[in-house]
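Just so it is clear, A, B, C, D, E and F label the chains in written order, and each chain counts residues from 1 on its own.
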């Protein structure tokens, strides 16, 4: 659950909070559902009106849910949107959440994966507790055994890794099961425990990753530039082991909400691979355009439809009112 | 009636809608009234609180109203404002509106035009029903007979032309009565049934129009450039049959609401001609500045005053707080 | 879709509208879903953001949906809540809705009813168009043939019967398929075409109904008393052909929103019969308590849970904060 | 201009204020206009956006306005609605208002009254400055000379009489011109300078008034009982010099906003006399029902229509939703 | 921090939450400060914008604060206001709060109590952790040694006692230091470990308490009656060891917010004893009137002034607008 | 008190106003308090809920207050934020404010300045009344005698100088006591009565000022460029009598609220001098960065913390979300 001051107020000025539900994997699932995919989301919420509201919201996007009713609270984060030179701000209040109390053995992965083609997880989950990191591994073993395509978003958040392990001690063991990986070069040492030399190009780095994790088939990475809190450019690259594809750049002149832009990109990659397989340029352009549109949408979840993403890929600038 | 999600929410996120009243001709009338002109607006609304609220709003701007109380509903459109690369979106819900049920003979044009100097109508009205197109003609005949100056905004909206006629079959018959016309070159074939060749310049095109409609004395046209949904440049031209006047360009860096910018321009042209007659450059600059200011104002109606428009024409950049 | 002024404003004062989704059958389905039943809702919505938002809302309550994408608009009603001596006010704006354009043959009732136990419909549907009345009959024939329990809410709304037939000409043909009926004695002549004599007691009246519609097993009816727009008492009766059960009375001192109270009652009856079959007193008390709680909830849909309804049935007065 | 905290917040909790325009005479004029009468309102506002907004609001109700553009501010009052045992609270911030700077000779009463039948004024105006009291007299002389029917609401507000005169020194001179007077027995000494003895009945008191002001034909007075800030009963009496008419009592169980209830009553009396002349019982019942409905409406102005007032007079309790 | 849906929405309907700061002791401190007393509040908040906002709010009421900056979160509770038969609902989300991590030795009670006359604490603090119960004892020992008058509110909340001790095991040890105690007869066994026999009158019970805790000089207790979620009566008693004082009853017909009514009462008792010492009837009437007014005020904190409380004690009904 | 329409509405569109408290000196005091300084603010407010709310707001920022309770109103200004080419607009409604009624002798400056190091005042105070100009002089004499460092912001507002004196007649007498002065070259003749020749550079001008006011040690001045109402660049200079320091430029692409940017700069200068004395470049960079951040914050008061200002000085662009 995200709590944000309305309009452009700071947290300290708020007399009320706007309420959004989201989370890394939830955002990907909801976005894929809005793009027309069948999705399922596995989580835990407390047995109260706050927990059920979060689930209702996921259902409203058409996401099927498998929910453990447990624990006493839903994780919260406070988000203060930035403006111009003032950066956005996240205050996490996630400790003790129902989700963080999921343990191995609680979830029947076999039946969940029964008709599934794809499993996606995020480094945020592995950051929350050792139990959750083990649950990730448990799921990855089953998914991998059942032949699902597996993707991960490294999503490194230093303030969340508090249970005594570093990301670099945990993540490599989990990334080895993945076919598709979203990360940036700054993740190399921090999340993947792979040393870089200063002269390494993107290609060299991603090749190192692929050697370390031979199951990897696709690495994707996004970049921001010319940025302040209200505007920035974005672009992305995709490495398929042989070729580096580069997306169009978008200059997002008026950011509405950048939270979830990475999840929107990830959902775009998953959708793209399922639709266009080997057409990596199209996959990448779709994901980048999806992420671009997310910046214009309030909340964590990308509400853009396939039609809207495709229009932007095709060159629409946003300047004509659609009637 | 316009229904819009508050702040920057999408339609699907709204738990409430902001409410604005507007419509092509209503916007022109309200804008002229705010500029200090005596105006009268002719329409039909249902006999309920929604209908009377629309009329109350027009009265609050000082517009005199002639209202048929009939039918069961007020036409609605839903408007989702765009942002950056995400375009704005209009969903029309106008079918069966009280306005669309006006028929010939219902309105006493002679008495309405008694003390009037000017009659303005829009292509949107002619698009709604064959009856309304006939009502337009009925009014145009009377207005023309009584010597009023007549203006039209072609305002082509493909999704509204649903009654079996094309714009090009209806509009030329109505445009022949006009002295002043607002349109773009894309209207030439679609609305005016006038073929163009690829090499035609604006001057050639507008000359073709004037030959086709010899009563026309002034043609005006606006342009947007460097646009996404949040910012664009605007400029305009005026053709008086002999000379092409070009306005200053404005770079609108932060669009608040672009709906009604054309109506604001039209009102500016009418105001300008009534004030400055043959000083076409001043007429055009006034209208362009008025349209520019409309982009900074929420709702369909341009609330800018003469003083504000003139200040912008005179070079004020908007950067100084007026105290 | 309901549009209501916020707080206690009148329609003519609104500068924005609160947005609720509802409708007679939708309310029953959502309420049953919240009570824990598997439900499915059949409707038609236009293929735009307004239509899909309505569906998303139903999904958020856990209702499965079968949706025809057609037509150009979602039916609207404006609701102005009353206060004290000022009555609430509904302005219907439903003509031309996607729902009203459903015709026989569009819906595959056999597959919809495949695993269903119960079919519920409302007199509002039959009021909207002759086509819809025929669709009702089509569904009733299939449901009846497949052995579903069938319930109806007579829900007579004079302002909706506009297609040239009277309720009394249409409804009896549809009511003959029903096992459970919600109506008041004022419906007898208007909806059921059954004459009453002034001395007829409730028992006599309901017996006449049962003789006219021999499939009927249960008739339920609600009453309001000591009422103004802000407070009233409610109670209900249930006639099983032999005995007249009377519910507790509730004095609702501060009505929040009375729209949908009948639908909440209907859902309570369905839930009750499925839970407690022949224990008619419990069925009736559950439904009455459910309806009572609806009056305290904004929007058309009863959000009360089984636990909350049972607590009220058991004598909780609402005075203790549940912690 | 009224500034009120939203919902049920206290002034000290507000981070925003709801904005209503009103004032004793403005409320009467707007209410009469909504009841279908032609009305005109004379005032002064500063030449800025706040002043013109107040005028726009009056125009939206259909009130014609004669406005002096002068001064630097619009009078304000802050209103905190009460609840149960906590009384409502008004903080006046009216000193130095444009209205209070009107002086004799500024207004051309002859032309204003040209086609008028009735002139209404309130004791609040006379309380604001000696100049305004003189303007009242000026207007009364003209109105009286031109044969208008004249009404006054004594409206005694101790905190407003700050210019060195007591109400009893000013008001009698003005009341002498009136045909219709709204006041309570507590006004007798304070406003009218007429001594009472403890045993005086209403009839005796009103007879004393009529003797003191022989032009008076009708005295009306309202009463509240069983009251806290959220609910009260109301009733009213009318004395025509011969007979004391008593209205029905209304028990307003949920007050929405009681400000302007007296003005709504006054407008009802004026409307009633113009409609039903000598049928004093009907006049009184109409005014009392109008005042009752005002309690259910936010803002200073009674938005009830003739149809709504007549329905309440006729016994409608507010309990049925009007569809 | 309290998060509440706006207006009368349920938690599951909220798209935003109103934000109030409060807590048992904070409410008492703020209320006393508003009544004109010098107060100091001791707490712990996380070092972020949420924590500092809570402190800013206390400062705005004029409360001096001693704050430990520690921990990662501020305790939250969600509050859904009830209506009529639907009870209000509190969902606690307090585990892991900065406050619950205060331990013995962290606070320098000697310097805090240096110029203080009174120390107040609540059973909610003792319920949160064994550490906090020990901190209470630590403070009580110092306060008692320094001769402060000590008061406690038993405030039993079953859902908060989760650390393995029962209230009856902890509270008696702390209550022994108190001079003034607020509790109800249901607390006798649960909080104070004192058995009752069914025939015990209030006097007998309170005498048992005084025998068990000989330092007690004053016991106060409040009662609600004729209650649903929107209205109830209240009254209170005070036992001074010899005489049972009974307050006036108030019928609160329209409850705005009942949270904090007990804290408002407690603040009234403290204020009353400091003002009127032995005049127990006045003390009790002041506290009861203060608590009555709290029901009309949104948020946890009683914003009523001495003037307002005294007016209610003196018989003002809330029916007259204070101008 | 500032009243502003919400979102981007114009004043004439508002149905409610957002409420902010501020004022030139109040903004400086609050900003310094948020930066961690002990501050005290001297003012006068009426003895009502509006006055005490203003004081509560100052207290919430940690500002100590010395308050005269007097007069009948709090000064108001209406602020309509601009957008793109539409300038922001201020309507002052300050006449007759409690503050403007402060007179010499009412304030005990000796005790106020007892432990103070710095006194700051603004030209707005001197503009409001001759009495206030004299109060300024009274304070300056005491402050100067007690050895406080004194700063002033010339803050010339032509529409406020209405009491018959020009700024140039009043200000020089007050500026002579100052050590630090904020002003622009346009102030030279208007506020300081110092003639300029067209060829004067900034250095020459500021030297003239220092010769005229020999106590001056530091002159600071800010500039805007490339500006419309939604975006501009800012930079500043500091003259210490010998050297002209120039700050970094910031391009503020999305202005949230520019009111108070000068006060934020002034607070930054005071904070900077107290922290870094002779390191004029650091002082200036801190103040400029503080002012830059103010543009991103709603309301009059700069809520930026030292940590945030220092991060911006250090090169943070606002583009990274702080987690």
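One rule holds for everything that comes next: a contact is a pair of C-beta atoms (placed from the backbone, for glycine too) under 8 Å apart; a residue touches a chain by one contact, two chains touch by 3 or more.
The model shown is predicted, which means the values in this text are computed figures rather than measured ones.
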item: Rotational angle, Cα trace of chain C fitted to chain E, multiple of 5°; value: 120
item: Pair joined by the larger number of C-beta contacts - A-B, A-E; value: A-B
item: Repeat of interface D-F, chosen from A-C, B-F or A-E - more than half of residue-number contact pairs shared; value: A-E
item: Most distant chain from chain A by Cα centroid; value: D
item: Centre-of-Cα separation between chain F and chain C, whole angstrom; value: 62
item: Euclidean distance of C-alpha centroids - chain D vs chain E, Å; value: 44
item: Per-residue multi-chain contacts in chain B, two or more chains; value: 6-7, 10, 12, 15, 56, 89, 254
item: Chain C partner contacts - residues on chain A that touch it in the complex; value: 56-57, 59-62
item: Complex interface listing, chain E residues touching chain C; value: 7-10, 12-13, 82-90, 92, 157-159, 224, 227-232, 254, 258-259
item: Interface residues, chain F side, partner chain D - complex; value: 3, 6, 10-12, 14-19, 48-50, 52-53, 56, 72-73, 76, 78, 80, 89, 91-93, 95-96
item: Chain B contact footprint on chain A (complex, rising order); value: 6-7, 250, 252-256, 289, 292-293, 295-299, 303-304, 308, 311-312, 316-323
